[in-house]
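Two complexes follow with subunit A in common, the first pairing it with subunit B and the second with subunit C.
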Partner chain A sequence: MSSARPATRRSRFLALLPGLGLFTGFLVAWLSSTGRERETPPMHVGRTEARRHPQLRTQRRSAVLRLRRGEPGSGGYYGAWAGSTDPQIVRHIEFQYEGMQHQAETALSGMWLFLTTEVVFFGGLFLLYMVYRLRHLDGIAEASRHTELWIGTVNTVLLLTSSAVFSYGVGRIKEGDNRRLFWASVVTVGLGLAFLLLKFYEWWDDLQKNLFPGPGFAITGSHSGSAQLFWSFYFIGTGLHAIHMIIGIGLVAWVAWSARRQRYLAGWFTPVEVVGLYWSFVDMVWLVLFPTIYLVDRVGS
Partner chain B sequence: MSAAGLVGLDAAHDNYLTDEKTIGSWLLTTDHKRIALLYFASITAFFFLGGAAAALMRLNLLTPNGLIVDHETYNRLFTMHGVIMVWFFLVPAIPVTLGNFVTPLMIGARDLAFPRINLMSWYLFMAGGIIALVGLFAGGVDTGWTFYTPLSTQYAKGYVTLVCCGIILSGYSSIATGLNFIVTIHKLRAPGMTWYRLPLFLWSLYATSVIYVLATPVLAMAMVLILFERIFRVGVFDPALGGDPLLFQHLFWFYSHPAVYIMILPGFGVVSEVITAFSRKSIFGYRFIAWSSVSIAVISFFVWGHHMFVAGTSLYSSVVFSLLSFIVAVPSAIKVFNWLGTLHKGFIHFNAPMLYALGFIGLFTMGGLTGLFVASLGADVHLHDTYFVVAHFHYIMVGAMVSAFFAGLHYWWPKITGRMYPEVWGQIAAVMIFFGFNLTFFPQFILGYEGMPRRYGSYAPEYQVLNVLSSCGSTILAVAYLLPLTYLTWSLFRGASAPANPWAATGLEWQTQSPPRTENFSSTPVVTDPPYYYPRPEERQHV
Partner chain C sequence: MKPWSVLAVWLVLLLLLALQFVAAGLPILRGAVPVIGLGMAVLVALTFMRLGSSRGLTPAFALAGVFWLCILIGLGSLDSFTRHDIGISALTGAPRIQHQSSE
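Then we have the complex of A and B:
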């Protein structure tokens, strides 16, 4: 039963595509970053260097202190802007923070922590999947073969590309380039919407094929029960991911709108970076969902 | 920074309560102190609602066949009691009220790291609470607060879907609060406020927040799965399809056991503050208490299986979970012994907060030790699902935790409101709560040991005497809970005005005026003393 349909050449090729997408993404990110003058912080001594060369320790300590104080030129998160007294930047500092550096670090750590809770949230679902996968090996493999591999693959490419494009935008706003950030966000929104459109089409197609669990379910026979469990997981997992996508598209659209109005500065772009973290997380969830849903029994057997 | 703070108006009149007076300034406030008061109002309402359900249950259990309600209504009553008390009182109680109020004050910050998320968490909490209440009152839910499948997904009547939605919303409110506290404690400490100078209340809040952030999402997922199964009539946990109902119990208790420590850890923190302040003595074993909070938080993630000893899990996993449950007793005992060590040779003052804290130690010890009974595999087979378990967790969650809440409330009341509470009434209420509580729940240990099962509206006639005793005790407890509501409300209008530091306690929150100004401190404080620095008389002469 498990070798009902051997992996075809086409499906193997499709499974390779995401790797190609990842490669393209890295290529775009790398190309966009080379050839530009990087602002190297003066006097920066890394932790390892300081450990190896005792004479550098004092230098390292004072550099760290200057960085913590957010002094100009200390090479911290906001580089030369950290301790800025420019009223354009200062008006974005909320009253509970000591400075821009302090505010940005706090906001980013909050977002990372939130993403941790999201990992645990999806973790519960993946636990359910793992248990059922181990208990119903053949049934879930059979059910997985009814998914549309090409849609999953194209969607993976779309999503990875969108993350690379948005990262490009984050890199540009660090130089104060609102125009490039705007276009990067617009492309990101477009790719995200394309993903959702394909997803909606896929759901519609699945419903046409009676793949929604319940009475009249398409897969009958001894594997019907476990196949229904798999398709429940499929709809819950992709549904929750789609909700995250919709929120993410809203956030990126908001970034685009703000960038259009020249709102961000080279010394203040925390919201862009926070949204970027969230968008990459949505990406990561898909990178787990994709193989668990589409590639269960297609490659390698 | 408010304009009033800058021009330095008269300190007694310029504070967070009187800065702005419109209703909008309360409902849209981002001030952690005002949000704490919003939370105070809401959780008090939930506490008395859940308490009313409990009172009706105790009234019903006066006679063996049930005095007032039928079995279906009784099921709905205990579900309502459990859902409201767990998710809308115990889990948020101390962190969102006392924690929200004093955390920035204790570390010398002007607010929490994310004030708007703090306000959002209150709105999520209220939305969740109202949705759950609509479900509980419109038709009720008869699954108990645990929502076990397949009862909750296939057989339960009533508004399971609505109540689950409410619980998910309140869960995200908890996550927002926990996230805010963790980031605040990491990033917003005043100069000189090192980790080992943090008040122990903040160590325990930090540990609580870790559980909030890492356990609550799993509950959200468990509830989402129930919702999916109920709404689409699809079996996620349905054994007929090869699904596993036990898997739901694993997911549920992976949150709900750590949630027990969410409830009690902040209580540990409050008691550490109160005991040392009213012993006028530096706390004994600061680092042990701090790290025992953290280790309880860590171990709490590895003991959930002890709720499922008789549910058909493997014996080997049960043995491991039993052992791990015993290990939780170690950090808990470290705390109790360190509090006793603090009392030893202290200059003890029996103010109301101290009486509540001492009551806490007694009740927590009882609850903790009986926990070891149910953590042992052999005894649990006999005691599982009896009143012994009910008595055990009420000693921790009601006896200890509510005592700690009142201890903290009285201790910080002068700081929060700028008024002193009536001392004698506070002491009377503290003693009444202790005795009323014991009269209510001690008989239940015996009932459970004799085999009376929980979650039934009727019982065999030979259990009646102890049940009547328990119901009598609950009347005393109800009066004792209404007392603080009365005299604290009275003190809001008639209480003597409070000085900045009425208890001569250490801690930055006592260094600013009562009630504090909106931006908390006129200038960022600098910490130079070790924590709980109460020099002994002979040391004072040299200073």
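Then we have the complex of A and C:
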């Protein structure tokens, strides 16, 4: 009994810990929210709050109007005016940034952080392939020779070209040339669609040749199991890449649409740069997929 | 990027692609094929993605991506690359059993 008492005390204390954590969390959240309420300038009043309180709505509307006109001191609570006097640029600076440069660097860093997660995402796939390839070298090499090399090569050229063209467009919008950015984006979308069409044709062709893993698989014999592993990797890898391509095409089309409306400025083109990063990343993934799937095991074929 | 530098990088990438085909045709250069692919990816990151001229947190995040990729692939493949399959027959002297689906 005597030994049970400290254990009970300890367990009670441990049971209190989550409650203590929750209480501290609520306390911090309450303190920070009350602080924000006091310090928030009118232009940062949320739309919901503004809808509920007419007084806030009027304040918010006038502050946003003055902000859009680029009037100095019209709500630049966090120093949003620093580094730029052009009202057209200033209206794109969100309240939490010191200026356009700060905002652009944050956006680009954020995109790179996202791409880092993508690197690890695709890295897991390549790790799986490496391990299986080591264990089933001959079977995977044989399966790889059933891929359509010419389609893979043409697709590689298409992607490299699209990345170069969009990069050219980013360079032109730095000079404020929306027209050239528009055409660069249109060409990029066209090249991306051509890539996808070829990829869809290739998948259709693979299915016709019974290369989808499962019953009736085309490659028989002792290497059949390893070949099915390769074709599983092939369909998953190219499928995930194609999903990224579709998202990328949508984003580049949005850039084209915005450039058509002369939305971007020489001093503000962060969305174009961010979309360019994504598009080139999709290109990078393909540059690793292509030799892995199509080329590396052609030796001796 | 200036138009001529975009063009130059694009031509270098096409050249590297052609080099991949040459390497794929020669058994001695077999290992160079994925390495050239990685080189092309790095070139795209440095030029088209402007990593070479970036500053602030951007290079740190990019390096973090490379670091975690190395950790993932290094630790993940450690077992496969270092394990040796020792047959029971080698330890006990018993006759070896032939597996039907072994490769």
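Assume the second predicted complex is superposed on the first by the 216 of 301 C-alpha atoms of A that agree within 3 Å, B and C clash if a C-alpha of one lies under 4 Å from a C-alpha of the other, contacts with A are read in each partner's own complex, and residues count from 1 in each chain.
By definition in this document, a contact is a pair of C-beta atoms (placed from the backbone, for glycine too) under 8 Å apart; a residue touches a chain by one contact, two chains touch by 3 or more.
Keep in mind that this is a model prediction, so the values were computed, not measured.
Enquirer: Which partner does A:167 contact after superposing on A: first (subunit B), second (subunit C), both, neither?
Expert: A:167: touches subunit C, not subunit B.
Enquirer: Contact-wise, after the overlay, does A:135 reach subunit B, subunit C, both or neither (first, second, both, neither)?
Expert: both
Enquirer: A:105 in the overlay: touching subunit B, subunit C, both, or neither? Say first, second, both or neither.
Expert: both
Enquirer: Counting residues of subunit A touched by each partner, does subunit B or subunit C come out ahead?
Expert: Comparing subunit B with subunit C, the partner touching more subunit A residues is C.
Enquirer: Between subunit B and subunit C, whom does A:213 touch in the aligned arrangement: first, second, both, or neither?
Expert: first
Enquirer: Please work out whether A:266 is in contact with subunit B alone, subunit C alone, both, or neither, and reply first, second, both or neither.
Expert: So A:266 meets neither subunit B nor subunit C here.
Enquirer: Using the touch definition from the top, say if A:93 reaches subunit B (first), subunit C (second), both or neither.
Expert: A:93 sits against neither subunit B nor subunit C.
Enquirer: Once chain A of both complexes is superposed, is A:120 in touch with subunit B (first), subunit C (second), both, or neither?
Expert: A:120 contacts both subunit B and subunit C.
Enquirer: In the overlay, answer first, second, both or neither for which of subunit B and subunit C A:291 touches.
Expert: Second partner only, subunit C.
Enquirer: Does the superposition put A:229 against subunit B (first), subunit C (second), both, or neither?
Expert: A:229: touches subunit B, not subunit C.
Enquirer: Do any residues of subunit A touch both subunit B and subunit C, and if so, which are they?
Expert: Touching subunit B in the first complex and subunit C in the second, residues 105, 109, 113, 116, 120, 123-124, 127, 131, 135-136, 139, 225-226 of subunit A appear in both lists.
Enquirer: In the complex formed with subunit C, which residues of subunit A make contact?
Expert: Interface residues on the subunit A side: 105, 108-109, 112-113, 115-116, 119-120, 123-124, 126-127, 130-131, 134-136, 138-139, 153, 156-157, 160-161, 163-164, 166-168, 170-171, 222-223, 225-226, 273, 276-277, 280-281, 283-284, 287-288, 290-292, 295-296, 298-300.
Enquirer: Within their complex, state which residues of subunit C touch subunit A.
Expert: 1-3, 6-7, 9-10, 13-14, 17, 20-21, 24-27, 30, 33-34, 36-38, 40-41, 44-45, 47-50, 54-58, 61-62, 64-66, 68-69, 72-73, 76-77, 80-81, 101, 103
Enquirer: Under the stated contact criterion, what part of subunit B meets subunit A in this complex?
Expert: 1, 104, 109-115, 117, 175, 179-180, 182-183, 186-188, 213-218, 220-222, 224-225, 228, 232-236, 240-244, 247, 251, 254, 519
Enquirer: Note which residues of subunit A are touching subunit B in the complex, please.
Expert: Those in contact with subunit B are residues 94-96, 102, 105-106, 109-110, 113-114, 116-118, 120-125, 127-128, 131-132, 135-136, 139, 212-214, 224-226, 228-229, 232, 235-236, 240.
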